[in-house]
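Taking it in order: structure first as structure tokens, then the write-up.
Each chain gets a letter, A, B, C, D, E and F, in the order it is written, and its residues are counted from 1.
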Amino acid sequence: MSDLWLSSLQTENPQQGFELALKLSRMGVKYTQPSDEVRSKLRDEYAENADSLTAASQVVAINFQTVAAANAYWK
Amino acid sequence: MSDLWLSSLQTENPQQGFELALKLSRMGVKYTQPSDEVRSKLRDEYAENADSLTAASQVVAINFQTVAAANAYWK
Amino acid sequence: MSDLWLSSLQTENPQQGFELALKLSRMGVKYTQPSDEVRSKLRDEYAENADSLTAASQVVAINFQTVAAANAYWK
Amino acid sequence: MSDLWLSSLQTENPQQGFELALKLSRMGVKYTQPSDEVRSKLRDEYAENADSLTAASQVVAINFQTVAAANAYWK
Amino acid sequence: MSDLWLSSLQTENPQQGFELALKLSRMGVKYTQPSDEVRSKLRDEYAENADSLTAASQVVAINFQTVAAANAYWK
Amino acid sequence: MSDLWLSSLQTENPQQGFELALKLSRMGVKYTQPSDEVRSKLRDEYAENADSLTAASQVVAINFQTVAAANAYWK
């Protein structure tokens, strides 16, 4: 991927950190499935499935661990 | 999401930390499925499925690791 | 949940820590499914399913990481 | 569980640590399904299923992280 | 595998670190399924499945934790 | 298991560390299913299944976290 989309793990506050974790989770998908059209179609499906949503939330949780550590937990 | 819902990872005690981990887990779902109505309907289903509940508990456990570290384990 | 059920992550020894990890795992379920009756019925099912038991053991393992770190590994 | 089965996370070497991680993984199951007979029957099944074995190995990996940290990686 | 493909976990910036995490995730697959042809065929399938993509993103997230720690979070 | 197969988590470089993580993942399976014949048969199956390969890669990623930490990330 030639675009720069991740220049730093530092964020101003925890909520921005959580949103960065969401972005990391989605980029993990995008590198495997680069088509915006396919990803959009798939999202419509899994956004109505409880287990798929829990799985998505889990990836965010793992990435949030990384972002939170990078920011010394915003203490 | 324009609302501020996460201003700090600090909590007064472990139980509030666990409840913050629950909130993080649910927000991980909400960012993907913003409709309160859809999430409510899905909850009715997965709350009666053992494997879905275990998966939900796992996401809470991962987020609790983050919150506990942020609070130096409330020592 | 208004009751106080988690006042500290400190335990006297590793085994008590493992049992606290079990409690955290079960509370992660209870917050989503508060009905004792429903949880009891579900437990009868998943306790006879190998993959469900492995998944439950995994949540305990994740929570045990947190409790063990909180206790400096009881060294 | 009234028996003492986990008095320390310290082991003499990494291999004993890995075997302790196995024990922790099995105890995570045993607390939920205490019947030796049921667990033995279930083991016969999942030991012939690749995905079940991978899932079991994952729980061991998570517990091994804890044991390895407790032993400062046997350095 | 006789080729040298991983000489360092150090990267110049977070994005290169994320891409290294992707490489680690794919190598974890390649060691088990060395055939480029089989892996290519399988990729066509799972790249159209939302749950498979989430699972792939999760492995990247776990490897990114390692790479980020190795780089002191590029602070 | 009476053989000594894990005497140290130290490796000379990250690639050897990744290969040790692979070994740990396979040993996690072998302790549950000791039969070489059964494991070989199962491998033929899951090596052709994308989700099984992703799951295997995830276990390697978790074990690689441990090995990388043990080697201070080969810095």
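In the analysis below, a residue touches a chain if its C-beta (ideal position, glycine included) is under 8 Å from a C-beta of that chain, and two chains touch if they have at least 3 such contacts.
Since this is a predicted model, take the numbers as computed values, not measurements.
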item	value
Each chain counted as touching chain B and chain D at once	C
Intersection of the contact lists for chain A and chain F	E
Chain B to chain E, fewest steps along touching chains	2
Taking each chain's C-alpha mean as its centre, the one farthest from chain E	C
Chain C against chain B, contact positions shared by both copies (same if over half, else different)	different
Chain D and chain E, separation of their C-alpha mean positions in angstrom	27
Whole-Å separation of chain centres (CA-atom averages), chain D against chain F	16
Separation of mean Cα positions, chain F and chain B [Å, integer]	31
Shared interface positions of chain C, touching two or more other chains	43, 46, 51, 55-56, 58, 62, 65, 69
Overall pattern in which the protein chains touch one another (line/ring/star/complete/other)	ring
Going from chain B towards chain C, every chain in order around the ring	B, C, D, F, E, A
Complex contact set, residues of chain A against chain B	13-15, 18-19, 22, 43, 46-51, 53-58, 60-62, 64-65, 68-69, 73-75
Contacting residues of chain F [partner chain D, same complex]	1, 4-10, 24-29, 31-33, 38-39, 42-43, 45-46, 51-52, 55-56, 58-59, 62-63, 65-66, 69-70
